[in-house]
Each structure stands twice: as C-alpha cells, then as structure tokens.
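As written, the chains take the letters A, B, C, D and E, and residue 1 is the first residue of each chain.
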Amino acid sequence: MEETRFKISPSPHIRDEDSTQNIMLTVVVALLPVWIAATYFFGFDSIRLVVLSSLSAIITEAICQKLRKRPVTVWDGSALITGMLLGLSVPPTLPSWMIVFGAAVAIIVGKQLFGGLGGNPFNPALVGRAILVISFPSPMSKWTIDGITTATPLMESAGNFAYHELFFGNIAGSIGETSAFAILLGGIFMYYRGVLDYRMPVSFLGTVAILSILLGQDPIFQILSGSLLFAAIFMASDLVTTPVTPKGRWIFGIGAGVILTVIRTWGSLPEGVTYSILLMNAATPLINRYTRPRIYGRGVKANG
Amino acid sequence: MKLLKNFKGGVHPNYEKQHSEDKPIQVLPAPEVVVMPLQQHVGAPCDPVVKKGDQVLMGQVIGESSYAISAPVHSSVSGTVLAVEPRPSVTGRSVMSVVIQNDGQDTPIEEQQNPILKSSDPNQRIDVDGNLIRQAINAAGVVGLGGGAFPTAVKVTPPDTSHIEYLLINGSECEPYLTADQRVMEEYPDKVILGAKLLAKAAGAEKIIIAIESNKPEAIKILEKYAVPNEIEVITVVTKYPAGGERMLIKAVLNREVPSGGYPHEVGVLVHNVSTAWAVAETCLTGRPLIERVITVTGSGIKEPGNYLVRIGTPFKNIVEAAGGFNGQPERVLCGGPMMGLAQFNLDVPVVKATSGVLILTEKEAQKYEPLPCIKCARCVDVCPVYLMPLKLEAFAMNEMWEQAEEYGAMDCIECGCCTYICPSKRYLVHYIRLAKQEIIAARGKN
Amino acid sequence: MKHFYSDFIKGLWRENPTFRLLIGLCPTLAVTNNALGGFSMGVSTAFVLILSSTMISLVKHLIPDKVRIPAYIVLIATFVTILELFMNAYLPAIYAQLGIFLPLIVVNCIILGRAEAFASKMPVSRSIFDALGMGFGIIWALTSIGIMRELFGTGQVFGFQVMPSSFEPIGMMTAAPGAFITLGTAVAIVTYISDRIAKKHAKGKKATE
Amino acid sequence: MSNTLVSMISMGVLGIGLSIALVIASKKFAVESDPRVDDLEGVLPGANCGACGYAGCRSFAEALATGEAPTNGCPVGGASVAELVAKILGVSNSGFSRNVAQVLCKGGCAEASQRADYDGPQDCRIAHMTQGGDKGCTYGCLGCGTCVAACNFDAMAMNENGLPMIFEDNCTACGACVAACPRDIIILTGEEYGVHIRCRSHASGREARQVCIVGCIACRRCEKVCPTGAITVENNLAEINYDKCIVCRKCVEVCPVNTIEWQEGKGPVRQKVGA
Amino acid sequence: MNFFFLFLSAILVNNFVLVQFLGICPFIGVSKQIETSIGMGLATTFVMVVASAATWLVQHFILEPFNLPFLQNVAFILVIASMVQLVEMFLRKTSPNLYNAMGIYLPLITTNCAILGMALILVLRSYAFGESLVYGLGAGLGFTLALVLMAGIREELKFADIPKPFQGAGIAFILAGLLSLAFSGFAGLV
C-alpha cells in the first residue's frame, strides 16, 4: 500500500451543515415578505430606503474591515441584515442621506468599534435607529400613508383602527411595521429554520399584553400597533445581543415588555420599543451571568 | 406510539449506518504479526511477563499489573515474541507493546481456566457465585468495550456502601457509522442476555434494563424475544447523540442524575455495553480470555464496509486490506466514531480492546472549516447534554481565564463534542474546553 | 530652563489631563455641547488650577502632612467661590450655562491631582509652569470637543454659522450620547497619533544606533 | 464685620465637630498597615504580569515589605527596580542577573518531518493533545505560535521556518512563554550564556535522525570534548549545565548535526579559577 | 407616590452618570468588573444618602440661618470629605476584601463630583429633608445601575477584537454613549 499522509484532528471530526451565513440568509429571506408588504403600501420609498440602507451598511462594513486590515466578511450577510432592519424601521419620508448616514453610523458605532460580528453589545440596527431619532426627531416621526401625514396609531385612541387594518397593514408607521401578517410570516419561517427562539417574542408580547390589560388598555391594539411586533420578532431575536440561556431569554422578553409598557404609558416618546430592547441588550451580560443553567449532576444527592 | 425515553441536549448527525448495518459479522483471520499494547484500559499499565524470543500460546497472559485498577493482557495468537518495545498506539503516543509472530496454529493455552458456566441456555438461572464471576472477568481481562475501557471487574465491584438497583445494558451505539454493537445484538442476543445476567449477578443488581436507540428496530425485536422470559426490560431510547453516554442514558431511562464528579453507582446504577456483556458471556462459557472483538470497518473511504470479528492486536492495515482497501483518497483514519474517535497517523497501529470501529473518512465527510466569530446563537448551550455554556468556556479558555472556566463547570464537560458539531461558526469549542480541563487539573496539582 | 519648558509642554499633549490622563471628565462631557461652553469651562478650570497650584506650592511647608488633602480642598474651594462670585457678577450668561459644574471644579481631579503630584513637591516657579501647561491642555481639549459638537450638532462654531444652510444639524452631537461618543473618538484619535509618534520615535532611535 | 465673625465661627464649629468625629473613628477603625508597601508599589513597574509569582504588583510589594520576597524578585523591572526596592527596604541588593528565554528546538518546517497534517485550532497545547501533534518528533516545536501569543512584551515572533524567535532586548524573563509551551522547549537562562543545546528529544539516535536532521542523536562527542564537564548525555539527550559552561564553544564545533549553537557575540563571561 | 417618582427620576430619567455627567471618573475607572462595580456603587450610594442628610442639615441649620450661601462649597466639601473618610475607615476594618477591591477609588469618592453635585442640586431644588434622602438614594442606585451594566458589558468586551486605539478608555466612552442613548428612552417619563 502506498504511503499516504492522513490528516489528524481533534474530535469531533464531522460538523453540522448549518453555517453562520445560512442563519443570516434565513433572516434576510424572512424579511422579504415584510419588505414586499412595505413596498405594497409605501411604494418606491420602501425600495429606496431599504436598498440605500443595506448598501450603506455593507459598504461601511467593508471599508472598516479594510482599514483594520481584517478579512472582509460582508458576504456573511450580517451587515445586510442590519441595513434591511434599519431601512424597514424608519418612516417612509426620511430623506435619503439620513438613512445612509444612519446605516453607516449603526455599523461603525454599533458594530465595528466593538470588533465586528459577535462583539457588539447592542443591536446595530437599533443603535442606528436611536441615533436617527435623537439626531433628527422631526423627520423620524413624520408618518404618512397615501400621501397624507398622520400620527402613528399609538398617538391616537385605540377605537380609530380596525383590527384587520392593523393586522394586514395600510396604517401609518415605519415602513416595516405596518403589516403584522407579513411579520408573522417571516417569524414563522425563522422559527421553522431554527433561527428564532420562541421564548423572546412570546415573553415580550405576552408581558405587554398582560400589562396593558392590567392598565386597562386594549392588549391587541397594543401589540399590533407601532413597531412592537416587528421588533419582537426581528430585533429581540438578534442572536448576538440577547441572552444565551433559556431562562435568560424569558427574562429578556419580560424585561423589554415592562420597559416598553412604562415608556408607552408614561413617557414622552411615542414609541419605546427601540429603547426597551437596547436597555435589555445592556443587561444581557448580567442576565447571562445570573441565569446560568444548572449543570448536570449538580445539586443532586447520591442514593446508592 | 410510545413516547421514547429522552434527555435534554444532544444532536442529530447523519447516522450513516447504512454502510454496514446489514453486513453480518465476518471472522477476520488472525494476522501474521500482532502488536499487543500493554495498556489497553483505564488504570495502571501492565508489565510484560514475556521477553523477546519466548514462545506464547493463544490466551496466555503476556502482561499484568499488581494495581487494583488494571486488566491483564493476553496473547491473541500463538507464536513467538518478536519484540517487547514501545510501539505507536491509537492514542498517538508510544506504548510498551509485545509484538508476536503468529505461527498460525492458534494453540490454546493448556491450563486455560475452566468455563464457570456449563450451559449456554440464555434462560437458565445463574447460580454461580458472584465472586467467581468477578474473578473470571478479571482474569479474562475484560474491559468496557464501548470505548471507555474501564476494567469491568472493577466496575462490577462497587464500594460496600452502595446498593445497585439497576444494571443498564447500553445498546444505544449513538456514534454515527458504527454498527458493531448492533450486529452483536442481532447475531448473539442469547449471549448478550446471558452476559447481562452474569454481570447483574456479579454486581448484585436487582433489575436489568437493555436500552437501545430507536433506529435499531431489528435489534429491539430480537432482544425483546429473549428478554421477556428473563424479566429483562428492553427500553427504546431516542436516536440522538450522545444517548449512549453513561450519564445521558441514566437520565433518559431512569430520570436520575449522576452527581457531578461522581459515579453511576452512587445513584444505584451500573452501565455496561452490550459488547461487554457479550464478552463476559463468552469468557464464562469458554474460559477463554478477551482476545477478540467485533469492530465496524466503515466510511466512504473504504471499499467494502462491514463488521468483523478481529483479534486484538491486529494492525489497522490488515483490517483495511480485508475490507477491500481504500475507496478513493482517504483523508482521515479514525479509531472509533466520528464524534469522539481518535485520528490516526498511519495504519500500523493495532486494534485494542476498546476499538469499536475503524472509520475511513474522505474529504467530503470530514471537511475543513475556518472558525468564524461567535454569534452567540446559543446552539451549543441548547445541545450540551450536561447543561454547560460552551461558548463561555471557550472564551475563558482562549483568554487563559482558567478559574472562571472552572467556575462555569469546565470539569463537568464529558467532551462529547456536540457543541463543536452544532456550532454554525465552526468554532473549536470542545477543544478549548479540553485545554481548560487540562490546565485546571495542572493548577490543582500545583496547589 | 529646560524644566520649565518640559513642565509646560507635557500638559499640552503627552500628559494631557483630558485625553491622556482621563481625569476631570465630568465637565468635559457636560458643558462642551458648544464651543463657548467648552472654552469658558477650560478657562475657569485653568484659572483655579493656576491659582491653587501657585498657592499650594507657596504654603506647602506650612501645612502639616496629615491634613494636607482637606487643606488643599478648602483652598481650592475658596478660589472656586471667588471665581463663582466673579462670574455671577460679570458674566451671568456663561455662569448660567456652566451651572453646577462651576462649583464642581472644587472636586475636579485635575486640580487636586496636580496639587498632590506636583505643586506640593516642586518649587513655585515650576508649579506655575506645570499648571499653565495643564491649564492650556484643558482649554484646548475642551474647546476642540466643544467645537466638534457644536459644529455637527448645530452647524455653528462659537455661535457663528459655519456650515451651509442646507446642512441638517445632527441632534445627537449636542445630546448626552454625542458627548460620550465624541470624547471616546477624540481619546482614540489622540491615542492613535501618540502611538504613531512613539513608533516613529522608536524606529528613528534604532536606525541611528 | 459680624458676617465675617459668624462665618469664621460656624466654619470653625463645623471643622472641630468633624475633626472630633474623625479622630474617634480613626481610633475605632484603626488598621495596621505598612507604609512602605505604598512606596514599594510605586517603584514597581505596575504591569501586574505576575512574573514574580504573586498576584500583581501590590501583593508583591506586600511580600517585599514582610521580607518574604527577594528584592530582585521582579524580573520585569530588572536591576534598576531591585536597587530602588533595596533602598526602600534598607537592605543590600542581592544582585541581579538578567534572564532571557531560549528556544531549545531547531526543527522547523525545513528540518523536521511531518507525520500527518494537523487540522484543528492553531494552539500548540491543543495540537499536542491531538495524538501528540502532527510532527514526526514528539518532543519538538509544534509551530502554532502559542508562546508568541502568550508574550506580552513583543519579545517573540514566529519565523518563516515555523519556529519562535526571541528578541532578547525585549525579553523580561516573565516566563509566560515557558508556561505556554506544551513541549517544554523554552527555558529561561542567564543572558550571558551563549551556547545552547537546541533539542529536547529523548528519542534514540536513529529515531531522532529519522524525524529531524538537527535533532540530538546522543553521539556524546560534546560530552567528551567539554573541558569543564558541563555537558552530560543522559536518556538520549545532551544537556548543558550553564553554571559550568565557559562558552569555549568546543562542543559547537564537534556537534555533527549542528544541534549545539553559539549565539554570535556572547562570549566567556567569567574565567574559571585556574583556567 | 411623589417619593416614588422622585426616586425613579433619579435612577432612570436623570441618571447621574448617563444623563447628568456626574461621577464619570469612577464610572470609567471602576466599571471593569461586576463585583468591584457593585461594591463601588453601593459604597457611593451609602455615602450619597449620608451626605444628602448631612449637607441638608448644614444648609438648613448653619448656612441659611447665618446667611452664608457663599460658604456652601467649602462647607459641603468638608462634610463630604469627612463622611468619605469615615466610610473608608469603616470598610477597612469590616471588609478588607471590599476595601482592597476599591483600591484607590475609595478616597476618590471624595472627589467624586456626583456627591458634591447631588448636594448642590438638593439646595438648588430646595428639596425637603425626606425628599433629599430619597433623591440621594435614587441617585446612588442610578449610579450603581449604570456602573453594573457597564461592567457587565466590559467583561464581555475582553473577548472582542476592538480596534487598538479604542481599547480601554475609548471604547468605554463609546459604550457609555450607547448606554446613554438607551437611557434617553426614559426622557419625559416623570
């Protein structure tokens, strides 16, 4: 037998087929129905914002990695997700340069300064959105539908909207948040692909519903209006910035729900989803630390 | 439909058992030269009791140790000792070995122990004294054939204080590709049952449970037939790696947890592999020590995958030749399964008692991946069967934070490799946890 | 003479209190949302720093070692009060803008730090140069941060419109997060330049050897 | 006038009251501490590298103050710090010989054979755990650069041949590389010693020759030629006793496989008595 | 209810560190480890409550009756310095571990502008005694919250590949900026 040089490697010698890129692609695909719905309701603005935002995010990421002499990994799709999420979470009338600026800042401040993928403590898309809100408060709260400027439903009383409108869209708001149906479609797809942990959306939405009942508000309205559903499914499920323990994920959702209800009920901002998730992002390392799973065989007694 | 016995964590790799699961066990002729490493078990290595030029008979003791935790090594052929020298072993390190030239006669040793069991009827009542069984197992050098290689005689002699309630016969064979245990169960069910009863008797266990993964319906059917008259329960466990892990199996079947750092007997359970049970039955029936075992030769890198009864000490080269040689360019040669097996440098290493298979993987199956940044997807946390946080442990180990790694339970890791298998970023999780364990033990030694 | 020069120059860059030593940061963040605030805060701090350093250096032999810290603080507090009363009387607009951060100069680590580390050990003349260097270090640091924040936050510098009228002010820069991010970026830039200088220096040294 | 008086009195009362409280408290909560510890900590480099064997500079300073640690215990600070420490403690400096790290393996990619290709994390310790590594020689350098990563002082780098090299000017003898190497091929030794046997293989001459062309084959020529008996060959490996070595370099000349190496410029540092 | 809102406002809406820029030095310096930051936060909280009471008393029984507002700075800093000294001695005796962990920052509480700043704010807003205590407690806990959140994230950042110039203080400020951004969601809450 001729001499062949084998490879040695520490076990395990086989790996699962799923890859980080696959996960990212799944999220991108899940965002497509939302984007399509947004385009249906808002027309060209939706395409303009999402495309610009994504391009800006990807190009910024590539430039940062080039500058830092790191391998350029924009094809892993994480920058694309940040761009799409940010593009879908702004009002349709936002000027083009603002979304380009927002996406670039989101990538730089929210992600690359922390060493790129995996190092960022905050969801970059939410960082971008929060920076846009604080920098350009009025363009960021100009909601239009069919060319008429209106308030976001949250600013009005609950009775003015039919549930089916809230569910299928056709209401004012950030472009991605209008159609609950499309969002749920994306969420189900992500869950099916094993990318979405049901715990965070369920505990987030559940907490909001329970608290709104306790406070005498309409729970269905609270869940369907504003960007709650969009954020609960696409932002609160961001892998990098949320807890890794099952218990921690429940706590994350509950905490975000409580903060959101507090801001919506007593705060001066019309929408607090961004901040509730950002605050829970900040608490994530602490949650991870204090919700470590019980290790197998710890705390059990021998009975032989 | 019955609910399968399950446990938390674990992964579902491609099982790839189709290569060899339908291939009956073939007897592989003894090779020209056998290499018998003097440490094939957990515990103290044996000292050689033969020297170069000695004539040895089949079944003759060639290495033994005076330590409590050890198992003697017997010659698997008759012939002449060519050398007593360190030879590469499956662990990659050189181990003192006895090299024997086979004379082809297979002359058994005369003063071979008398069989302690007269009848091979699986339904018989075992009225042999437990002590006698333990002595027979010890003299035969039986060790855990599932891969653990812990001396069986030591294992069935639990400390005085413990009381064994259950004997679990582990027929899960959760490692992908391997089918040796499955074939043993299908072809020697009577001996598996008999071996289980002997082990139960030796350990004083009250009940016997045979646990088999759901992907081996044939084996379940056959064993159930033999088990029923003996009041042995056959339980189907979920097909999931590492269902065959001792701790996982106890959790799945009995919903008990072995204490951290403790042993199964502390919760009244003993776990033995089906092949071990088979070997025990064989030695009690024939009086012959453990000199052969069933292994699986498989993988897409081999022409004719199959299951073989081989002599201990047969070099991998002979096995590969017997299985038709390589199929294409072999990339990796593993001793054991793909999840926990050991990669080999060359084919000179011999089969040892704990070798359950020889796996030849091609590039297609064992791809090379570059690790990407951790995206904290927590899949490793979800699949860890001992509920650790591998991503944290890896980060600590990479930054040499051994104390934190210990605090996060690095020492509880069973090194099953689920975390590394599932990681979408292809990170080297279990590898760094192993490093942390090594460093923690080193630090403990220092203090 | 060389002493005086190095005492003075180190505060400007190498031991710049804001960017290198990272002390006295509260006012650095709080009042730099425009250039004037940064500049006036810098001047106020420098004023107290110079006076207190001089004074402490003068009286250092009179103060028993055990109670030196409280004594210094009282001394500094006195100068701050003087400054406060003066500003209140003559520069009420700036006084209002600086708010409680003016009295908080008392606890600015820069001043006490220089008192402890330098003025209490060195002769008066050197203390003055040290304080001058540190003072100018603070002034340029605070003013530059103020300029950046005002420029991007409002499009103005010292109240004068600089950016074209089409420029949309970035509100974040004048808000709290902008303060932190600007300072963080500024610290990183200064660190980067310093590292480059140090590397060049090391290289130059090796080449000559 | 009265305002001045009132302010003086009130501040005085406040001051006196607080002072009394502080005096009582300082009596009540008094803790003995050695003021020298602060001084000592001040002169230490503050790198908190742990090379001294203590948990950071502070605890080393405490050990110094109690006389538990030697004045020259800080390898990073070297002689100058040892002097300052001795001054504070009022003891004589016990002398300081600067140590540097040496890599005792010459078998890089060009010299040593591979028995397999390694596919795993680039960490020597893990490669070593994996079947004993991919190199033919199970004693030599694995070349993953774990020692370089462990060095905090820019004193190491991997060369093109896959071996670590040491920049002695930067080396502080902190021992991080020594601890990191799973094969124990890095040692710390006096800077002045220039002759090193760069091999750690205990394999027999034949085996060593098979896997590496610069490995020690235990031919004993160096042992025979050494005038001071500094070299001994035991267990298939020549080892040098640096205390006896006079850097005469005779062994370097006779070594048939160039395992023994002289670092250019490092000369005899001490004359043997009577030599 | 009033107390509750005052308390919440001090913790969240007007968080001392992230919104009012008070106590930045220890915030950046001591937020590297969770344990130390908890200790530092609680020590500061304790000093804050004690100091709020003490300065209130000084303000209302010495400075105001004798019409001496210009002595405010001097008097307050004296009181605070003594308080810190007391706490320091107390900790040193009772919990040497905590004392060691705080290292040089314990004396720095004296020069922590959060404490003097709080005393000045109390006077500025003419809070009653009870309100002062609640505000002091809230401000201290808010400081602790910011510190602990920061420490949690910074412990994670050890594993991140941060650009070299930003390592250390740079990234700490960026992080503080993002935290501050998150806290801006509470604006106008109370």
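Simple rule for what comes next: a residue touches a chain if its C-beta (ideal position, glycine included) is under 8 Å from a C-beta of that chain, and two chains touch if they have at least 3 such contacts.
Not measured: the values here are computed from a predicted model.
Participant: Can you name the chains that touch chain B as well as chain D?
Facilitator: Output, common partners of chain B and chain D: A, E.
Participant: Could you tell me which chain lies farthest from chain B when each chain's centre is the average position of its Cα atoms?
Facilitator: Farthest from chain B by mean C-alpha position: C.
Participant: Comparing the two chain pairs, does D-E have more C-beta contacts than A-D, or is it the other way round?
Facilitator: Per the contact counts, D-E leads.
Participant: Averaging only over C-alpha atoms, locate the centres of chain C and chain D and give their separation in whole Å.
Facilitator: 41
Participant: I'd like to verify one number: the distance from the centre of chain B to the centre of chain C, where each centre is the average of its C-alpha atoms, in whole angstrom.
Facilitator: Spacing between the chain centres: roughly 70 Å.
Participant: Taking the mean of the C-alpha atoms as each chain's centre, how many Å separate chain A from chain B?
Facilitator: Spacing between the chain centres: roughly 47 Å.
Participant: Can you tell me which residues of chain B touch two or more of the remaining chains?
Facilitator: Residue numbers touching two or more other chains: 92, 342-346, 373, 428, 431, 434.
Participant: Could you say which residues in chain C touch two or more other chains, in rising order?
Facilitator: 172, 175, 177, 181
Participant: Give the residues of chain A that touch two or more other chains, as numbers and ranges in rising order.
Facilitator: Those would be 6-10, 109, 116, 118-119, 131, 134.
Participant: Dump the list of chain pairs that touch, please.
Facilitator: A-B, A-C, A-D, A-E, B-D, B-E, C-E, D-E
Participant: So in the complex, which bits of chain A are touching chain D?
Facilitator: 5-10
Participant: Going by the contact rule at the top, pick out the chain D residues touching chain A in the complex.
Facilitator: Checking each residue of chain D against chain A gives 114-121, 126, 129-131, 134.
Participant: Inside the complex, what are the residues of chain A that reach chain B?
Facilitator: Interface residues on chain A, with respect to chain B: 1, 4, 6-16, 18-20, 22-23, 73, 76, 78, 116-119, 197, 239-246, 288, 292-298, 300-304.
Participant: Looking at the complex, which residues from chain E come into contact with chain C?
Facilitator: 18-25, 28, 70-74, 77-78, 81, 108, 110-113, 115-117, 120-121, 124, 163-166, 169-174, 176-178, 180-181, 184
Participant: Looking at the complex, which residues from chain A come into contact with chain C?
Facilitator: 95, 98, 101, 109, 131, 134-137
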